[in-house]
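Take a look at the structures below.
Here come two complexes built around chain A, the first alongside chain B, the second alongside chain C.
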Partner chain A sequence: MANYYDVDDIITEEENISVIFQKAVNGVGIDPGSEKNCVEQGSKVELPFWLASELCLRNTVVAQVPACFDEKTRLEVQADPACVDLRSRSPYFYEFGCKVAPVTGDRTIGFLLFSAFKSRYKEVLTKAHTAANVANPKFLSRLTKEEVHLYEAAQSSMAAFKKWRKGGPRLQPASVLRMKRKSTN
Partner chain B sequence: MSPTDFGINPTANERQRHFIFFSSPNLVSLWVDRIFNSQSLAVSELSLKGKSGLGDKTTALKLEIFVPPFVIKDMYGRKACQLVKEFATSEKEQLKTFNDDLFDQVIKECGSHNLGFQSLVRKMQDEGLDTQTARNGDFYGALIHHLSLVRNKRCLMAYMYNRAEVIRGLRWKLGRVLPEEIVKKLSNSEKDYLKGYSGALETYMNDMNLELTVDMVPPKDPYIKVRVLEDIGEVLLTDKSANLARHSMHFLKRTDAEPYISQGLMEELLS
Partner chain C sequence: MAAQSCSQFHVFSAEEIEFIAEDELIEIVPNMRMDQLNLIRGDFGPFLPQIATEVPLWLAVALKKRGKCRIRPPEWMSVEKLTQVLEAERDSEKEFQVLPFHYVEISRLLFDHAQDDIPDIYMVRSLMEDIRDVRFHKVETSLETFDGRTSAVQIRSLSAMEVNIVRPFVARALQAFQKLGNMVPETDSVPSTRPQGTDKAARGRRILRGR
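Now for the complex of A and B:
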């Protein structure tokens, strides 16, 4: 399990997943379709993942594969992985996929994630090294959180390398202050 | 009858405006009570406009209602996650103002989960069921409340923990006194925490007789050339006293200059 305090992990688990209740549940207001505070057996409800996975373990609900791993996405990833807008599907596509796979029992998700990541990884690094310092917003907007981190890491290591070769000031104001000055000017 | 019979969309997210005609005034209040209160739709503005002329004796009333954006029941844990998201969207090593309001709302939600949990457990006990083994609707309800509590706790803890981490980082980078605009963003307990942490660090450094916060970058030379960016004035440095006026240049001991550089008051000059 990821770090308890991990912000990204917490946000990943907030993604919705639709489940079908196998048991009736009383006293909770999680079904927007129901007027009373209860959930009937067989009703379909969108739950955040953290709740759905725990209920799934106790056989209270059956989880369905979320829309971001549907057939359409798979076809697009097969066709040209680098051009698929994964962020609009889920900003935490890979992490969410890893969590969803055991819960839904869908064995094909792993392969989908792996093949998507493998080919996109190459693309991200090439772009990071060649695009110089000009951010490419159109390209960046397609990346998931994980890929953006990769992109930034690649760029900063490139910058650090250049700086090392050329030399330059080594002491710098704390980054917090630099941001402030930029915004006031 | 339900609001949908009158063209009111109970799940719409925008303000809706409707006109409904009634033949008598006492029907109106009855209708509002029965339809809207039962659906827990709030009607914010009601205006009644008398309109005569439909018949000799009956007076038709035009009821103009505004239905405010329908508030969908908040999914459990949604607010807590918002809090965490807010932290996540702030720039690296930057802090946003402590969100007291949302924080309290989450605590309140925890309170209501606790109530829900207790009442369901009590209900099971009243029915003579064993809360350890019984698996009925009440049990699963209590379970969901329990899980939501755990989740909310995790979100709140993560919010506090990650902010505390940033605050510790600021102490190392900016020194004992933080700029006013950063202090403003801290909650009271965070201010206390900063004070305590700062004190502990200083005590340790005094005991060890070692300044830990300087030389974060390995030095090449004990002395460096600096240019002063903002008026600092006459200060006593470890080896001499110097008048650090704006735009003046100095040859200072690296350890003296480092705090000023990290606070943005000086910059290092390269020969």
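Now for the complex of A and C:
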């Protein structure tokens, strides 16, 4: 269960997913295509995930697999996972996938996510430690949020170690001491 | 990926590790006379000129700064020992040589404060660097072998600093692997002879160990 206040989690659920209404719904304006204030049975609407999953639970809609997990992405991931630009698919590719899979009932998504992460992880690992403090925007722009976090975790700890090894002032004066002494009267 | 904040995994900074390492004991040869010191962790001294005694590293450094003692570099910091270690590190693919848990920090403190007490300091310093690089490279290659079934890592005789460097990364990666691994339906890679409970635990604990 993700943290309720987790901003990344909230943004993940904002992602749109297309659903097909199984029932006619009255009094809602969620279908931009219809003129009336209702949704007809069988109409296809894009809804944010948080709404779609709730409606799914009530059997009102049937969710479809979002475009970022389509056949094309799968083929690309199979061919060379490290070079696929997953961020443009969805910045929260893995988190979104984990949420989408149970709703759509597509069991192959799990495997797609897992195999993609497994091979991209190696790329992140080698890049993070070897290309020390050389910012590689092209590489970073392909990563999803989670992978960027991983990359930064590795880089920052390595940078902290290098800074420590190089030395410098070991003792820092406390901020209290740095303040100028004021006259007491 | 429930926890997105990075600082959570960063338990120690390098400076904190160094602080902990200063509690290691080291031999000094005082050149002054001083009574026994009664510290919380134990009694040190009495200090007599030219009589070697063991003190915590921080005390040794403090005395050294005031010119009150000579620090005897530990045995493993000799050129012969380090050359041996380096060769052994290069020879074995997976295994790590046994060095003190705080060897990175101790060597840096000594290089900084007691240069004149270490024989062949340039040689020792460069050997130290080489050993560290070789070891870190090994850590990296062993991290590459992660797959989704890894949920615990065991690498023997890794030092404090080395662990600390990879900790944030490994913790995050393992968390992600665990989350995504749960998404994949059970495959036939696990022999299903064990009862359900232990099966899951055993699958999660594919241990990576230096042999």
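As a working rule, the second predicted complex is superposed on the first by the 168 of 185 C-alpha atoms of A that agree within 3 Å, B and C clash if a C-alpha of one lies under 4 Å from a C-alpha of the other, contacts with A are read in each partner's own complex, and residues count from 1 in each chain.
We adopt the following convention: contacts are C-beta pairs under 8 Å (C-beta built on N, C-alpha and C of every residue); 3 or more make two chains touch, one makes a residue touch a chain.
None of these values were measured; they are calculated from a predicted model.
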### Query
Which partner does A:I11 contact after superposing on A: first (chain B), second (chain C), both, neither?
first
### Message
Tell me the contact category for A:Y94 with respect to chain B and chain C: first, second, both or neither.
### Response
second
### Task
Name the contact category of A:G167: first (chain B only), second (chain C only), both, or neither.
both
### Query
Is A:L51 touching the first partner chain B, the second partner chain C, both, or neither of them?
first
### Query
Can A:F114 be said to touch chain B (first), chain C (second), both, or neither?
second
### Message
Taking the superposition on A as described, I'd like to know which of chain B and chain C A:T126 touches: first, second, both or neither.
### Response
second
### Query
Looking at the overlay, what does A:G27 touch: chain B (first), chain C (second), both, or neither?
first
### Task
Could you look at A:C38 and tell me whether it touches chain B, chain C, both or neither (first, second, both, neither)?
first
## Note on the structure
Overlap of the chain B and chain C interfaces on chain A comprises residues 6-8, 167, 170
### chain A partner contacts - residues on chain B that touch it in the complex
11, 39, 72-73, 75-78, 81, 84-85, 87-88, 91-94, 116, 119-120, 135-138, 140-145, 147-148, 151, 154-155, 157-158, 161-162, 170, 173-174, 179, 181-182, 217, 224, 257-258, 261-264, 267-268, 270
### Touching residues (chain side chain A, partner chain C) in the complex
1-3, 6-9, 94-95, 97-98, 101, 107, 109-111, 113-114, 117-118, 121-122, 125-126, 128-129, 146, 149-150, 152-154, 156-158, 160-161, 163-165, 167, 170
### Query
Touching chain A in the complex: which residues of chain C?
1-4, 6, 9-10, 13-15, 18, 108, 112, 136, 140, 143-144, 146-148, 161, 164-169, 172-173, 176-177, 179-181, 183-185
### Query
Taking the complex as given, what residues does chain A use to touch chain B?
4-8, 10-11, 14, 23-30, 32, 35, 38, 47-48, 50-51, 54-55, 58, 60, 167-181
